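See the structures that follow.
What follows is subunit A paired twice: with subunit B in the first complex and subunit C in the second.
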Partner chain A sequence: MPLSTQSQDDNDEQYILVASLDNARNLSNILKAIAFKDHAIFTATPNGLKVTVEDSKCLQANAFIQVEIFQEFTIKEDLVGFQVNLTVLLDCLNIFGGSTAPGLSTALRMCYRGYGYPLTLFLEEGGVVTVCKINTQEPEEPIDFDFCSSNVINKVILQSESLKEAFSELDMTSEVLQITMSPSQPYFRLSTFGNSGNAHYDYSKDSDMMELFKCTTTQTNRYKMLLLKPTTKALALSCKVSVRTDSRGFLSLQYMVRNDDGQICFVEYYCCPDEEVEEE
Partner chain B sequence: MNCTLEGLSVKAFGRAIHALARIGDDLWLDPTDKGLALRSVNSAHSAYACFLFSPLFFQHFSLNAPSQQCSGSIKCKLLMKSVLPLFRCLTSIDRSVERCQISISDSSDRVIFQFLCRHGITKTHSVRFQECEALQAVFSSQQCPNVLKSPARLLGDMVMHFPLSQEEITLSTTPLRVSLRNYNEGGNDRLKMVYTNMALHPDEFDFFQVRDDSDITFCLKELRGLLSFAESHCLPVTLHFGAAGKPVCFSVEDVVLEATVILATLINSDNRNSQPTETPAPTTPRCDGVDDTVTIPSSQGSPMNQGCEAMQLLPHIYNANDPCVSDEADASAATTPASSVICSLLFRASEQNDDCFPTKLPVLASYSDDDEDMEENGVEFPSL
Partner chain C sequence: MKFRGKIIDIACLNHFSRVVTTIAKLTKTCVLRLTPDNLFFVLSGKVANGGVSMWCELSQGNFFDEYQMEGVSSEDNEICLELSPENLSRALKTVQNAKSVKVKLTKKHCPCVTVSAELPTLSSVSRVVTHDVPVEVIPRRLWHELKEPSVPDFHVSIYLPPLKTMKNVVDRMKNLSNFLANLNGEMNLKIETDLVSVTTHFKDLGNPPWGGGSEGGADPEGMAEARVDIRRLQQFLMGQQVTPTKAMCNIVHQRILHLVVLHDDASLQYFIPAVA
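Take a look at the complex of A and B:
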C-alpha cells in the first residue's frame, strides 16, 4: 500500500515498538478472553507482549502473546509500557466487522512512539486501510500477586472440555465458588452454595480429563463467584487449564489457547481467596 | 427413599421433569411402594400432571433412606427451577450420564441428585425440599362417557400445526368425527389470527368411544410436555373426557411408567346437547350488534365489539346431517350455508365482572374459602 509504505519509511525510526500480524484475530481473540474491564496495561519486552487487566485488586488477568506469534516485532527499549482503553482497542481491531471468511483477514501493524504518544494501529483488509490512534495513559503498576512455583501446594491440569460443562452449569446464585484439592477423595472438587441448595462437581484423579494431578495437601478455598466469572471467556477459548493454589490459598488459572494458526498462547488469572474462610 | 437410574432412564426421567415443568413451579415427590410419583399442579389449579415410575423403572429402588433401617418415605416438594437445570441437555444426557442416584435424606431437608458422568466426573446436587402431603387429583376416568386412544404420533402431529403461542384448543367429538381447532378469545389481534381446524376419522384411533357429543376447550401449552413425552417413547395417548366444564384426562402408560395430565375445560353455560336446528336460548349478549347468527370472525371484520369486556361463551351449533368440517375450515367465509348456523365463540373475561353470568374457569383444586366455585372433581390440596 503506497500510503503505509511511505509512512513506514519515514516514521519507523520514531517508533519504539512496532508489532505486525497478518491476522489481527491472533491478538483480538486472546484479548477478548481478558476484556472484563475497560482498561488494560500493555507491557512489551523483547520476549513479546503481555496485556494485564485487573479488578478490585483481587483479580488479575494476563494475556501473553510471545514474539514468535508476530510477523514483525521491533522493540527499541528493554521494556515499553502503556495503558489503553481495551474496549476501544478491540473495537478498532474488529473495525472491518470481524468476518471469518476464509482467506480474508485483517492485517495489523501496531506502532508506539513512546511516552505521551497515542498507540497507532494500521489495519488493512482487502485493500482498504484504516488508521486508528488510541490515546495512551500512564501505565499503572500491575499488582504482584507473588505467586511463585515454589509456593504451589496443589496443581492439576485438566482438559478444558470438562471444565467448560461445569462452569456453564454453575449455580450463579452462589456467592462463592469453593475449590477443594486433595490427594484423597474428592481429589478435585468445585462447589457452589446457591439459593436452592449445594452442588459439587468432583473430578477423579484417574479421570481421562485429568492430564496432571499433583496434590500434596488437602486445601479448600473459596473465591467470589463474580470475580471468577470472567474466566469463562478464557476457558471457552482454551484447550487445557492448569489450576494451582499456593500456601496462602491464592488461585492461579492458566489457560492454553490455540490461535487461528495453531500457535499456542497463554492466558493467566490470579485470584485472591475470599477472606472469610480460614485456609489450611 | 433411595433409587438409582441408568443412562436411558435418566433421559426419560428428565423428559418427565420437563413435561411437569410446563405445568407448575413446584415438583412434588411421592415415593410409595408402587414407585416414585412426580407431580405438579399449576397456580390456577386448572392443570395437574403425574408421572409414576414403578420400581422396575429403576436399577435400584428402595423406600428406605440410605442411612436408616426403618422405612421413611418422605413426601416433599421441590422448586421446579432447582430441579429442571439438573436435567438440561436431554439429547446428550444418556451419553454423558452413566448413572443417577436420587435419595431423600431424613437427617437434612435435602434431596440428593448424584450424577455419575463419563470421564470420572461426579456431580452431586443437594436440593432443599419442603415436607408436605402428597398431591393427588380426584378424577374418575370410569365416569367419562368418551374415551379415545390415539397412536403415539397422532396427537403430536396434529398439535404441531398450532403455533407455540396458541393457548387453548377445542376438541370436538361426535360418533362420526373428531376435530381440533384453535380457540381464540376476542381480542384486538383478530386480524393476525390464523384459524386452524383439523378433522380426524374415528378409524385413526386405536380405540374410539364417544357416547356424548362434546366440545371441550383446554390449554394446549400445558399438554405439549406430555405429548412430546409420549412421542419420544412411542406410547399411545388415551383421552378420557365428557362435557364441557368437566376435566379432560390424557394418559400414557407402559410396563414401567404411567403419566397423566388432567386439564380443566372451559365451562359452557348453555345446554350443549341442544338440537341442531334450534338456536340457543338467547342469553343476553353484553355486546351491541351481536346476533345469534353471526359469522366466524374473519379478516373482513367482525360484528363483535372489541371493546366489550363481558361476552358470553356460546355453544357451537351445527347441523348433524351436514358435517360442518368444511364450514368451520372456511374461516374467511362471510356467509354461512343456510343449513347450518355457526356462532362466534365469545369469551367471557373471568373474574372481572360480577354480573349475572358468573362463569369462571373450572378449577381442579379448591381453596378452602372458594368451595362454591367447584364445578367438578377437586384436587385434595392441603393448606400448609
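Take a look at the complex of A and C:
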C-alpha cells in the first residue's frame, strides 16, 4: 500500500493514534448516518473508534467502528479524544468523488498527534495522494443518557425493510412521533398527528419482520419529530434495528449496518421523550 | 461581408456542437472570428470576466463540407462577430439529427448567424428548422484585441492528470475554499482555510518536451505556483466533455495559469490570471 512506507513508519513515532482503512467508505458511509450536525466528538480506545454527534442535549447519535474493521489501528493511550468539523471531514474522505469505478477505492490513513494538533488524513486513489489537515478542538463531554439494559421496559428488533417505508412516509407536519409498545394490541405502533390527520403504522408481534418482541408493559411515548428525522439515514443503511424504551421513556434505537466488505458496525441513537406528555 | 457554410457529416456536426457547448460552459459571450481557413472562438481578458481569456481554434475543413466567406474587405478578409455561445449551442443541439446543416450570416432585425436544417419527420414531408442567433459585428478598429495570445514565458509546463480525477478533487475543494495550484513533474492542488488544509499530489504526469524555464537550467524540482480562483478552474473542467488527445498546462510563476487542451480537430487555450 503506497501509504505505508518506511519513512512513514519512522514518522509514526509522533502520532498517538493511527488508523488505516483500505476502503475509506467503510468509515465515510457510517459517518453519513450521523452527520446531522457540523461537529462530532471522536473517542478512540484500543477497542476502536466511537464518533458522537449531539443535538440540543436531547438527541445523541453514536457510530461505532470497532478495531477489527481497520487494517491498522495503533493507539498509544487508553483514550484519545478530540472534536472536529464532521462536514469538513466527510468532504475530505470523499475528495476523489463519491462513487468510484468498481475495484477502485480510496485508501485512508488517519493520524493524530495529540492535543492541539490537527487530524491528518492521507487519502490515496489510483496513485494520487491527498493530504488533509483538519483543525481539532477540545472534545466536549458526551452526554450520558444513563440508558442501561436493566431499566429497559420494552424491546423489539425489526428488520429495517419494514420500517424504511413507514419512515419515508412520516407526516412531517406532525410535531411528534409517538411510539407505543405493548404486550397486547397494537404491540408496536408509530403514530403521527399532522395537518391532514392522524396516521398509525402497526407492527404485529407475529409479523415476519419482527425478529424479537419483548414487551412487558404498555408504554406510549412521544418524541420531537425534528429530533428523530436524522435517524432515517441510519435506517436506510441498516439491515436490522432494535427499539428500546426505559422506565423514563427514553428511547434507544440501535442500527446494524453492513459495510462494503460485509462487516457489521453499529449506530445508535438516544432520544429524550417530549416532556409534555405523560405515560398512559 | 458574407458567410455561408454547410455541414453534412453527422460526426462533424456532433464535434462542432460539442466544441460550442464547451465554449458555452466557459463564458457567456465571446467573439466568433471567421477567416478563409479557420474559425476561432475568442475571449479577450478583461477585468469584467475576472481577467480570464480563451482562444479556441478550429480548422474549417475539419467540420464544413462547404465554406465560403468574404471578409470586411480584401485586405482584411475576416469577419468578427460577438455572440452568446449558449445560443449557438442550443441551436446546434436542436438540429443534431439533420442530414445537413447550413450556417450563414444574415440580416434579420439585426445581424444574425442563422442555423437552418431539414429535419426528418414520420411523414414524407420534412420540416425546416431555422435558428437566428443574434450577433454584433465587431468593427476593424477593435480587431487588435482579438489576436492569438502569445504563449507567455512559462516557468513550468506539465501534462495534466485525467481531467475527471482533477474535476472530482476540485469539486470537493470548492466546498472548502477557493484557491489552489502549484506544479512540476508533479502537480499539487492545494487549498487552505481556517478549518482545514488540503493538498492533492499528482505525480508521474510527464512534462511536454519544450520544457519550462525562461532562464535555462531552472531547478527541475522547483515548483512554479499560481493561485487562482477555483471557480474558474472548475468552469474549465466542467466544460470538457470528451477526453482530449492532450491536456497540459503552463505556469508563469505567480502570474498566469495557461491551460491547453488539444483534440484531433480543435484546440482550446484558457488563461487564468493568478491572484495575490
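The working rule: the second predicted complex is superposed on the first by the 271 of 280 C-alpha atoms of A that agree within 3 Å, B and C clash if a C-alpha of one lies under 4 Å from a C-alpha of the other, contacts with A are read in each partner's own complex, and residues count from 1 in each chain.
By our rule, a residue touches a chain if its C-beta (ideal position, glycine included) is under 8 Å from a C-beta of that chain, and two chains touch if they have at least 3 such contacts.
This one's a predicted model, so the numbers in the text were calculated from it and none came from an experiment.
Put subunit B and subunit C onto subunit A via the superposition and say whether they clash or fit.
Fit - subunit B and subunit C, as placed by superposing on subunit A, sit side by side.
Between the centres of subunit B and subunit C, viewed from subunit A's Cα centre, what angle do you get? Round it to the nearest 10 degrees, please.
Placing subunit A at the corner, the angle measures out to 60 degrees.
Tell me which partner A:I157 touches in the superposition: subunit B (first), subunit C (second), both or neither.
So A:I157 meets neither subunit B nor subunit C here.
Please indicate which partner A:G126 is in contact with in the superposed arrangement: first for subunit B, second for subunit C, both, or neither.
So A:G126 only meets subunit C here.
Give one of first, second, both or neither to describe whether A:N85 is in contact with subunit B, with subunit C, with both, or with none.
A:N85: touches subunit C, not subunit B.
Output check: A:I95 vs subunit B and subunit C. Expected answer is one of first, second, both, neither. What do you get?
second
Once both structures are aligned on chain A, how many angstrom separate the closest C-alpha atoms of subunit B and subunit C?
7
What part of subunit A is shared between its subunit B contacts and its subunit C contacts?
Overlap of subunit B and subunit C footprints on subunit A: empty.
What does subunit B use to touch subunit A in their complex?
79, 81-82, 85, 88, 96, 110, 119-128
Under the definition above, what is the set of subunit A residues touching subunit B in their complex?
Going through subunit A, the ones touching subunit B are 162, 165-166, 169, 186, 195-204, 206-210.
Could you pull out which subunit C residues touch subunit A in their complex?
Residues 161, 165, 168-169, 171-173, 175-176, 194-204 of subunit C touch subunit A in their complex.
Note which residues of subunit A are touching subunit C in the complex, please.
Residue list for subunit A touching subunit C: 85, 88, 91-92, 94-97, 118, 126-135.
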